[in-house]
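In the part that follows, the structures are each spelled out as structure tokens.
Okay, so chain A shows up in both of these, paired with chain B first and chain C after.
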Partner chain A sequence: MTQLPATTQRKLGLVIDLDTCVGCHACVVSCKGWNTENYGAPLSDQNAYDGAASGTFLNRVHSYEVQPLATSEMPHPAAQLIHFPKSCLHCEDAPCVTVCPTGASYKRVEDGIVLVNESDCIGCGLCAWACPYGARELDAAEGVMKKCTLCVDRIYNENLPEVDRVPACVRTCPAGARHFGDFADPESHVSKLSAERGGMDLMPEQGTKPVNKYLPPRPKDQMDRAGEVDVLAPFLEPVVEEPRGFLGWLDKALERI
Partner chain B sequence: MTFNQPKIETSPKVSDEVRKTTCYMCACRCGINVHLKGGKVAYIEGNRDHPVNRGVLCAKGSAGIMQVNAPSRLRAPLKRVGPRGSGEFEEISWDEALQIATDWLEPIRKDNPEKLAFFTGRDQSQSFTSFWAQNFGTPNYAAHGGFCSVNMAAAGIYTMGGAFWEFGQPDWDHTKLFMLFGVAEDHDSNPIKMGIGKIKARGARVIGVNPIRTGYNAVADDWVGITPGTDGLFILSLVHELMKAGRIDLDYLARFTNAPVLVNGDEKSPEYGLFLRDAVGKPLVIDRKTGKLTAFDKPGVRPDLRATHRAAGVTHRPILHLMAERYLDKKYAPEAVAERCGIRPEKIRSIAAELARVAFDEAFELDHEWTDFRGEKHTRMVGRPVSFHAMRGVSAHSNGFQTCRALHVLQILLGSVEVPGGFRFKPPYPKPVSAHPKPHVGVNPSAPLNGPHLGFVEGPDDLALKEDGTPARIDKAFTWENPMSAHGLMHMVISNAHAGDPYKIDTLFMYMANMSWNSSMNTKGVMEMLTDTDDNGEYVIPRIIYSDAYSSEMVAYADLILPDTTYLERHDCISLLDRPICEADGAADAIRWPVIEPDRDVRGFQTVLVQLANRMKLPGFTNEDGSAKYHDYADYMVNHERRPGVGPLAGWRIGEKGLNHGRGAPNPSQLESYIANGGFCVKHIPDGANYYKPWNVAYQDWAVEIGLYDTPQPYVFELYVETMRKFQLAAEGHGDRQPPDNLRERIKATMDPLPIWYAPFEDGNVDPVEFPIHALTQRPMAMYHSWGTQNAWLRQIHGRNPLYVPTRIWEANGFQEDDWAKVTSAHGEITVPVAHMAALNENTIWTWNAIGKRKGAWALGEDASEATRGFLLNHLIHELQPPKGDGLRWSNSDPITGQAAWFDLRVKIEKTAAPTESLPSFDPIASPVGQGPEQLTWKVGK
Partner chain C sequence: MHPAPSVIVFTTLSGLGFGLLFFLGLGLPDVSGWVAFVFFAMGFGLAVGGLLASTFHLGHPERAIKAFSQWRSSWLSREGVAAVAALLVMGLYAALLIFLDVKLAPLGWIGAVLCLATVYATSMIYAQLSTVPRWKTALTPALLLSISLAGGALLAGQLALAKILLPIAAVIQVIWWVRGDTALKQSGTDMASATGLGNIGSVRAFEPPHTGTNYLLRELVFEVGRKHAVKLRAIALVLGFVLPVLLILIPFAHALALVAIVLHLMGIAASRWLFFAEAEHVVGLYYGKR
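Take a look at the complex of A and B:
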């Protein structure tokens, strides 16, 4: 089967902020647009205008509901909705590469991007089966495996202004929830952001050492904590109890202006 | 296999050319870079220089390429050959189409222009379409505001001279607490997403108030899962708490609002509740320095919030007194409203405390000198870093106007409007009611209407009534039923035209409004009205002309179709005369231009209106010698002048010292300048003029300089809207113009000049025990109304719309995954697939808006998930309230503005066996464009 490089010079990847992602799918469609027109075969769509349409996407947003358990501190926790964008995590120990029977799947030495060489891909689907994240999709029209390229044809592209040499999903994200950079450089924006915000590996128990990191949502609904109203009470100390008292207060308050 | 890394091309050519224009995948109007290869659209991305989106782009925008190639695009003008509703048409030439339309319209204009009802739906050219309608002479014109968010717009303008979205925005750079009430997530969506991302990055907090926790509410730090229709009550409880704690901005209230204005307190007086005014009509206050009655705007006056005035035996009290009396009442205490709102009292109190803490304890100052309209100089600008935003969720109720008013009053009490960190207006707002037109309905044969159709009434005298007191407009806008209906009532047009109430019409002419499907209440009934015939076998609505770019459900119900272009094939102007794209720091407008040419026999609708105007030689479109002023819309955009020096586009006009932005003569090269600049123009507001705009002399002078208005228009915010009191006085029997007796009590109860809350009308019209559940729709961020369904990419994101059911109702009905439910309202029933959702108000069910499709529409196959499992809630909502036994027709609308009360809906739900498809289902309509291809492998470059 196919070998991974022993090390890569850079580790390019994404930080995805789950505290900020509103689930708008901007990244999904921007990715679809760029990668339909660019790298390799177009991302095809079946049943495009009938039935339940089904096409190839390299990036999808899934939404998960979370129902926190009641605690003494939070007796009535509200359910939460977490939007979870998912694409290839460009793992250091990428099982999709090592399982490839033809060498079509590979991880680049210079930047760690995992790619599929479509001319060598026989569409056997082993890599999709090996990927624990479901990040690869076999294109039904072309019969080759498609996956996130980290926009390898954008990030070095000298035909683009330098500011645009980022993946399409990062450039388009309206909420600024997606960040691109080199995790091999501890001083990079993504390394620092991940360190500050407790960036997490997805399913670390799989041993894939994903490069992409997810920033966890900040704690929600803190106003629902028992006693929160008491903490805030001083900011709302009543000055009047009855409508009539208001004018008396007003007299005094106006004197101070 | 050994390690084997191929060489790849990492610098492929991106495109041959980039053309910059304005998106139209929804109403946000972001700037886009359209990459072309071989003249075809290869890729669309956001324009980094554009003031609206700064380079980002949403899912809809990036999917524009699939809209431009959509198989549902109409291809040529169509003449109906089958019965209405069948979808059977023949293609005709433009010459024939324009001749048919002219032959229908010209006699109407000569006979009685009111027989034309011209309503444009999601129109972004209302200053132009209204100009056309005005010159035709019909009073029956409006766009879709009446069934969208007129409550928000009208409440904002009547209260503070501007509202949310196009009117203003939070001060994203300084705000520390952002509170968001029910919004359509497809409106202003990129700016809000960008703003939320920005403030979250700096640790500012977001509070989301919405029965449904999706989208923005999903990322909100705190979520308030409020019961639908109770937002106003919740807000007034916050007001109660803030006033009780004295946590209101007295200095701001005294200077910049009508809180100190004196109000007549004599219950027997015909002036009861009106302002004490001086000889020239200016509202009076007591000056704190002199203790004397003084005009509110006199230079140097320090209005007193405390002192009352007694004259001729009548006590006049400042408005703040009336507010204290009302809102300190215990009926607004958190404990009193909690159950109704579905919010724990502790949480209401915590939110009030947090608002107070951030507004006052985190106040800050900017070192900008400025001078106010009374001539007082200020050395600094006080910031109150609390901001709000709201939209359709709070406004689409029969209590929506008062709710929106309540929200603005809350903002104003906190002193957080037009101050750093708060809510900021975007030019041409702020703009007081007095600077807006009033409604006009003066109809004369072969003559223009006597003024603009829509406007802001200031009392009963401004209502649009005929001499006999009957409504002058087909939609009954500006009548006693809904006196302040500033955007008209598009949702009542077909119903009223069918009923001949207030009169019959001859031709219904519509644009971009899917009235036989998702844009109407009572969809099935509307289809019947559109196809109904009289005793002679003639259609009750004799003629229908419709313009759309796509094969929507409405196409089948028209007699003549004028096919529009897609947004990349047309000229448009996003004008300061209309709904511009300004930011709080600058005036901005934009264009669309044909970045590709149509490959079909279609024309931009606005150009078609110009061509029709030329055939009819409408004044306003015709020179004195009878020749046409404009040959197409682009010509109008450049050469039309609304007032001398002020045209549709403010950029690159010929001023006294050369090209400038603002006032100036038409410039024949104007569009080239826009195109060279990326399709837009921005003129920045000078530092020191960019906050406190309604009162800031520097801003007012700047607004006059660039042509927003011709003289400075300073004003104070209207906590108390005197206009509303005038309608109440009429209902109490004062004045010459009197409401019908059956409306008196409702007007007295609802037209309160200070914000009130009353239960949505549906609560009283249907039995809340039988129909205990609230039912709503939400707009997804990745789909704009019905348009998205034809889009091969977007329909993979939102191709079906289950009915989301909260845990309590889910368990009570024993629902399981893949179950179906029958949902019943007082009006109708639907049978639809259900899904469980926990992050939801426990008495609310909801679904995505406008996903369900009629078979045969939008070039979709008959097995399309939208047509088999998708559904509309519209079938459950009637445009009229249930009969009350008084023999009268009561519109399902807000009684003040006429806004469609979509979200008042109450239902019951029960589990049912799965049908073969969602119910009701309708026969397929014949597709005039065939069906889209089975598979797409779209790539324009090789």
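Take a look at the complex of A and C:
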């Protein structure tokens, strides 16, 4: 049924640390790998080996440049580069679920994971229209909607060693920028981390109540604050103002022309 | 949004078809026998043709029957249920009228209401989406319903009504465009809220996730043809509303009415193309495309 459950027993989701992410795309690759070989239809690529390659991904890493506003104290603030992994946020008020005409999209009562029953999906694409985050992609080969499953086939999989029972993106992240856990439990690792670091919702005004939280980048060092010149700076001033030797001759020769 | 031909054909034709069936259900014009057959055949042809066209954009059209199940939450499902109910009721009404010469007026009224309900459900598929601020307004159902009624009146030969309904639809169309042009800005969703990085400074998309395109960009971040939007709006207004009204103001002739209907359809198709092509989905913000 595509009506949303009033509450879910657990709220499984991710914390993504924008301060720590180095933009290596390892999560993108491990996600594509695991989800192509396991649950559901594979994530296909089209024209993989010519100039117009395109494919289905459940996790994509954007990069943004953020330019702080210049102030009198900071006339030339340095721009920051922030890598931004984005996958399904497993929203509490998931608009993608309620628009589904067939009941293929659903949110699980037991853990809050939003899933697609691929044998019921007619590939109308309306759920992708309803998602503000671009978390759903219609697979061009299978004609069904694909989305992050939170690696539902790993996290409960007793055939895997316990350390591997987390989503593939979390397991693979070399920077430790992704964390998996239960947000319904205030004592869980992810709840504490989110509370500590001010975990935020993406597009809160859309009213989707995302479960996944993003940790904002920590404040940067401000080396370029006006009047706060490094004590060693005087030693770095140019020793010779006028060029001498070969360069001096070249300078004079060019002046004469 | 990507203006898929199947969806443009569907909303244009089935909107007109259900508009015609609405008037036939009310007994306007009060027809029977072969004349009724021709009128109902047109109505069903347009409505069913449109519905069939809409299945072409499905990944799995063979499972379309499942789409009738989720009417409790899904406007798309409600549209399917309403469309089938409208076609069944109007089919029964038409069969009794044409073959048995029995006119069950209340059945026609129920059918007429179901026809309008179908168009309303279609419009709500778009109007419910917070992700497309241009569509997220009560003006969207008003627009689709007014166009459907105006076109239906024109096609049903109800020219006195069409003279009123066409200008009303034109006014709603213009208001819808004007409101739509600032809708994304008004919605409060921008790159700052999308990334949550706005309190550090101004956010610029530095690098997309992949060098190639993807489903999201093709389907939701359509940008082609925006530069012709003003011209297309003028074409839609003139063909869809102004010329048909002028043509039916001239003393009535069947040939002119036919021209008026063809022009109206072309104008509405242009308006419907813009409906999709101009609609900005907020996911484009993540790609710096808004």
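What to note about this one:
Here is the rule we use: the second predicted complex is superposed on the first by the 223 of 257 C-alpha atoms of A that agree within 3 Å, B and C clash if a C-alpha of one lies under 4 Å from a C-alpha of the other, contacts with A are read in each partner's own complex, and residues count from 1 in each chain.
One rule holds in what follows: contacts are C-beta pairs under 8 Å (C-beta built on N, C-alpha and C of every residue); 3 or more make two chains touch, one makes a residue touch a chain.
Given the structure is predicted, the values throughout are model-derived calculations rather than measurements.
In the superposed pair of complexes, A:G103 makes contact with chain B and with chain C alike.
Look at A:A52: by the touch rule set out above, it reaches both chain B and chain C.
Once chain A of one complex is fitted onto chain A of the other, the partner contacts of A:Y156 are limited to chain B, with no touch recorded for chain C. Within the superposed three-chain model, A:F180 lies out of touch with both chain B and chain C [touch as defined at top]. Once the two structures are overlaid, the count of chain A residues touched is higher for B than for its counterpart among chain B and chain C. Of the two partner chains placed by the overlay, only chain B lies in contact with A:A168; chain C stays clear of it. When the shared chain is aligned, chain C comes close enough to touch A:P132, but chain B does not. In the superposition on chain A, A:Q67 makes contact with both chain B and chain C.
Of the two partner chains, chain B and chain C are each touched by A:L81.
Shared interface residues of chain A, touching chain B in one complex and chain C in the other, are 1-3, 28, 52-55, 57, 63, 65, 67, 79-82, 100-103, 142, 217. Against chain A, the residues of chain C that register as touching in their complex are 1, 57-61, 63-64, 66-70, 72-77, 80, 125, 128-132, 187-189, 191, 193-197, 199-210, 212-216, 219-220, 281-283, 286-287. Residues 1-3, 18, 28, 52-57, 60-69, 77, 79-82, 84, 86, 95, 97-104, 120-126, 128-134, 137-140, 142-145, 200-207, 214, 216-217 of chain A are the ones that touch chain C when the two sit in their complex. Residues of chain A that touch chain B in their complex: 1-5, 19-26, 28-30, 32-34, 36-38, 41-42, 44-55, 57, 63, 65, 67, 76, 78-83, 100-103, 106, 108-109, 115, 117, 141-142, 152-153, 155-160, 163, 168, 171-177, 217-218, 220-224, 228-229, 232-233, 235-243, 246-247, 249-251, 253-254, 257. Those residues of chain B lying in contact with chain A across their complex are 1-6, 8-14, 37, 42-46, 48, 53, 55-63, 65, 71, 185, 189-190, 193-194, 196-198, 200-201, 213-223, 225, 241-247, 250-251, 254, 288, 304-306, 320-321, 324-325, 328-329, 344, 346-347, 349-354, 356-357, 361, 781-782, 790, 792-797, 799-800, 807, 837-840, 859-865, 931-941.
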